[in-house]
Amino acid sequence: MGDGAATLAVAATALVFGPLLVALIVFVVPWPALRERLALLVSIALLGALGTLSSELMTGGAARLALGARAAPLGIELALDGLSLAMLWMTALVALAVNAWAADWLRGAANASQRGFGVIWPVLWSALNALFLAADLFNVYVTLEIVTLAAVALVVLTRGRAALQAAMRYLVFALAGSILYLLGVALVYAASGVLTFALLPAALPPSPAASLALLVITAGLAMKAALFPVHGWLPAAHAAAPSPASAVLSALVVKAGAYLILRLWLGPFDALWSQALAQGMGAVGAAGIVYGSVQALRQQHIKRVIAYSTVAQLGYLPLLLPLASIAAWQGTVYHALNHGLAKAALFLAAGNLLHMHGDGRVHALRIADRQGALNVAAIAIAGVSLAGLPPSGGFVAKWWLLEAAFATGQWWWAIVIVAGGLLAAAYMVRLLHPALGHGAPHADATAHASAGALMLWAPFALAMLTLVLGSCGNWLAPYIAIGAPLPGHG
Amino acid sequence: MSLWAYCATAAGLFAIGLYGLLAYSDFIQRLLAANIMVSAVFLYLIVTAASTATPPHPVPQAMVLTGIVVAVSVTALALVLVLVRCLRALPDDAAPRPQDTAGSADG
Amino acid sequence: MSGALEASFDLLLGAALLWLAWHSVAAPQVLRRVAMFLVFGLLMALVWARLGAPDLALAEAAIGAGITSALLLGAGVATPHPDLDGAATRTTRSACGVPRPVLAVLCTLLGIGLALVMYATASTPAPAPSTAAVDAHVLGNPVTAVLLDFRGYDTLLELLVLLVALLGARVLGERLEPVPATAPPGGVAPMLDQLLAMSTPVLLLTALYVLWAGSDAPGGAFQAGALLAGLGVMYSLAGRLQPLAHTPHRLRLLLVLGVGAFALFACASLLWSPAPLTFPARGARALALTLDLALMISVAVTLVLLFLAAPGARIGRR
Amino acid sequence: MSGLDLLAVALVCAGCAFFLTGTLGLLRFPDPRARLHALTKADNVGLGLICAGLGVLDASVAGALKLALVWVLGMLASTLSAFLIARQETVRSGGQRR
């Protein structure tokens, strides 16, 4: 066990401080070579750290680490279980692809916004790792603020009024979300005197203050996660950001808020909610699935289609609360993982499209040459995965969710899950339709620029990974189930 | 110490801030409202801590100190956004490329 | 007698806070709002002092009231508000679509409910974790001990929040024409130079004292950093600090000094401890002071640059 | 209540009165320069009186020195800020000096 603790300490340090040091070094040292390669090297190294950590966790079970050797409640704890492990893997894989893509993108004469990306993105990456490791309410608040500010900064890397307006709208929502979350933390602390997740269930008996805290924390996090009724900032912000930034915003940043909702509901606040409230959360998620998909069907710009698809796909995550079972747990985690990879692939491929043709309108997608074919293949495979068709990770996730819905006798969620898949198939087919040879011939058939090899292969590799996910569900399931809370509501 | 007076103040400040955030569309006004809400939460934290011990427990104090710095950071970034929006009318703002309606920078 | 006196003082303080908060949200002109907010911050500092938290009083006065108001004033003066001021305040329709009177009633009800819940929890407080470990710490000021040691991770991340805000502002600031600080009309004012020459050493000394004393008495790196930032703001207002359109390298080092020192400490601590961010048994005090110093410098430089809304700055006249 | 206490109370009250006058001037006077005029003078005296009163109560040399320092620093700060505000006002009103 002592050895396991040491592994956790080293791996956690690497996960949080590795990307952070990348940001600091790139900011201070003016060599372009560093900007292009350092992040990529570190993301490869972190995969190794995560691999070691995973096998350690498999033998030792969920783990906790008291920072500074100061035990909770005075000190801050980090904690790791299957859910956070999956989120860390998602972050690591997306980071690897984005760093590879950006290595090409940043090559040569980088402009101001590209230089900004090279510094701000590693900070965001570090904060996301910190957030997925966090097990302390106030620590979560601070990491969330880093994530939010970095995300806003990434949006305004794009020049122009549209991005500025989108960023301001984002900031207002995020600010309101932070304050609500902070109020919840204050209420919890006043009622329990504890901030650590592991100690909260015992210290926080049901009370009006605790219920209010649950309500405001959930509302605040929903704003950060762009769950359906408070999603208004997402499409503009994610569409406005530069493509690699859109990829991390859509694949990772909004996941952070949803992840925290699940973590808190199934952990510290487990005793505070009833099945009726869980059904309500599920209904909110279902509404998001339908609304986001319908909006995605109506958008004219490829990045906006993908952004609205995020609103829809996030709606699956709250379904875990009413379904509350180990199958639903696996399905939700798998869905988050799969969506993260697929969405990053889509935004990076959209970035290639804009880079090569300078045209992001939906009907402009076409296969001009071999490069274009690879790019469109990435979009198609990621689309298959989002729709949950058989060989993909999305299929496995939906399978588990459906299993949970029938096992708990809640067939209505099954309808939502299937309908969501069909709608996703519809908007992806609409996106791909012109490329399959049915679109109007484009006036300007020559490509503007050619994309680097890494730029082309990064989204394709991510998309292929979602297929790999589809074939190793049974192998990954025990990892996801590490330390899974099995709430008594199921 | 008058516990109820401070609790009422904290709740009142929060309500005023919430009203400001929801009622007005001016960005700086909303920012001020948000700052007041944050102050309200801090006040509540310290009042609760001070009701059991004097001086208040150091953990909530450290939380509030951290929170003050976080608040000033967010405010500062938001204000630079306002400044850029108000002061800057460069050509690429006035005439965005037609296909760039989503505001993408990848070209 | 003194109980009633204190209660009425608290009541007066609360009422004043509410009045100021209302006017800093709803006053008709932006500068008036900011002025009200400034006074609000100062009264909050008074409240912290009343509640027995002088560290917070210092931080609130220096950062909450001081730097935040300087930032707000700067933005308020620089941005024209033709479309935002008058019309928006007079309409009954609110930004979120609900009519303002309805919103006001809703917020009032919510405030009453919140007050009840807050009073209920505050009057039956949960047992706070024992402070024995904090009291026995080598740093005599428990707040500093918690900030650097027990919850040092939060402090590190909080520095990162500040740095990210600056990085974002820097990206935006590169698009602004740097506005050179104005020289006094009619030439250089000898009196201003005299005054600055007098206050510079005083403020430097005060900041270092606040930093040094913070180990054992109220004070600390953030308060000291904000004081130094105040000095920077003064230089800028006096036309002796010029914004730059780029970030010079030495400045970059200063900006990341705090986070960098903390991050290196976190990694290095794995050499002597099984958990990151553990203070060594020997030399904890020196380490804390070093971290504090790095923190103070980064905080000060970052806040000044945020005030200038510029990627960089240099001392000197135009 | 001893004679010293009474003296302290008298000094602090006098200081408050000066502050009150200065604030009245701030609220009632027509233009920024007149307001500054009222504010800086009244407040510097007011602060001095209050510091003196508190020094009498404290009755230690170190305490008295600290309070004196507070007063001096307060005056320095108010001089500097008054000068900056006045200059800004001059810039705003087109540079003419009255």
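Chains here go by letter, A, B, C and D, matching the order in which they are written, and residues are numbered from 1 within each.
Here is the rule we go by: a residue touches a chain if its C-beta (ideal position, glycine included) is under 8 Å from a C-beta of that chain, and two chains touch if they have at least 3 such contacts.
Model, not experiment: these values are computed from the prediction.
Counted as hops between touching chains, the shortest connection from chain B to chain D is 2.
For the pair chain C and chain D, the distance between C-alpha centroids works out to 25 Å.
For this pair, chain A with chain D, the centres built from the Cα atoms lie 56 Å apart. Chain C has its Cα centroid 32 Å from the Cα centroid of chain A.
Counting only residues that touch two or more partner chains, chain C has 114, 118, 121-122, 125, 128-129, 131, 134, 146, 150-151, 154, 158, 161, 164-165, 168, 172, 175. In chain A, 73-74, 113, 138, 142, 145, 149, 152-153, 156-157, 159, 190 are the positions where the chain touches two or more neighbouring chains simultaneously. Residues of chain B in contact with two or more other chains: 14, 17, 30-31, 44, 48, 59, 63, 66, 70, 73-74, 77, 81-82, 84, 90.
Listed by label, the pairs of touching chains are A-B, A-C, B-C, C-D. Chain C contributes residues 6-7, 10-11, 13-14, 17-18, 21-22, 24-26, 30, 33-34, 37, 40, 44, 47-48, 50-53, 55-56, 59-60, 63-64, 67-68, 71-72, 74-76, 78-81, 84-85, 88-89, 94-96, 98, 100, 103-104, 107-108, 110-112, 114-115, 118-119, 121-123, 125, 128-129, 131, 134, 142-143, 145-147, 150-151, 154-155, 158, 161-162, 164-166, 168-169, 172-173, 175-177, 220, 222, 299, 303, 306-307, 309 to its touches with chain B in the complex. Per the touch definition, chain B reaches chain C in the complex via residues 1-20, 22-26, 28-33, 35-36, 39, 43-44, 46-59, 61-66, 68-77, 79-84, 86-88, 90. Only residues 182, 184-186, 189, 191-192, 195-196, 198-199, 202, 234, 237-238 of chain C touch chain D when the two sit together in their complex. Residues 73-74, 113, 138, 141-142, 145, 149, 152-153, 156-168, 171-172, 175-176, 178-179, 182-183, 186, 189-190, 195, 239-240, 242-243, 300-301, 303-304, 351, 354-355, 358-361, 364 of chain A are the ones that touch chain B when the two sit in their complex.
Looking at the complex, you find that chain B touches chain A at residues 14, 17, 21, 27, 30-31, 34, 37-38, 41-42, 44-45, 48, 59-60, 63, 66-67, 70, 73-74, 77-78, 81-82, 84-85, 90, 92-93, 96, 99-107.
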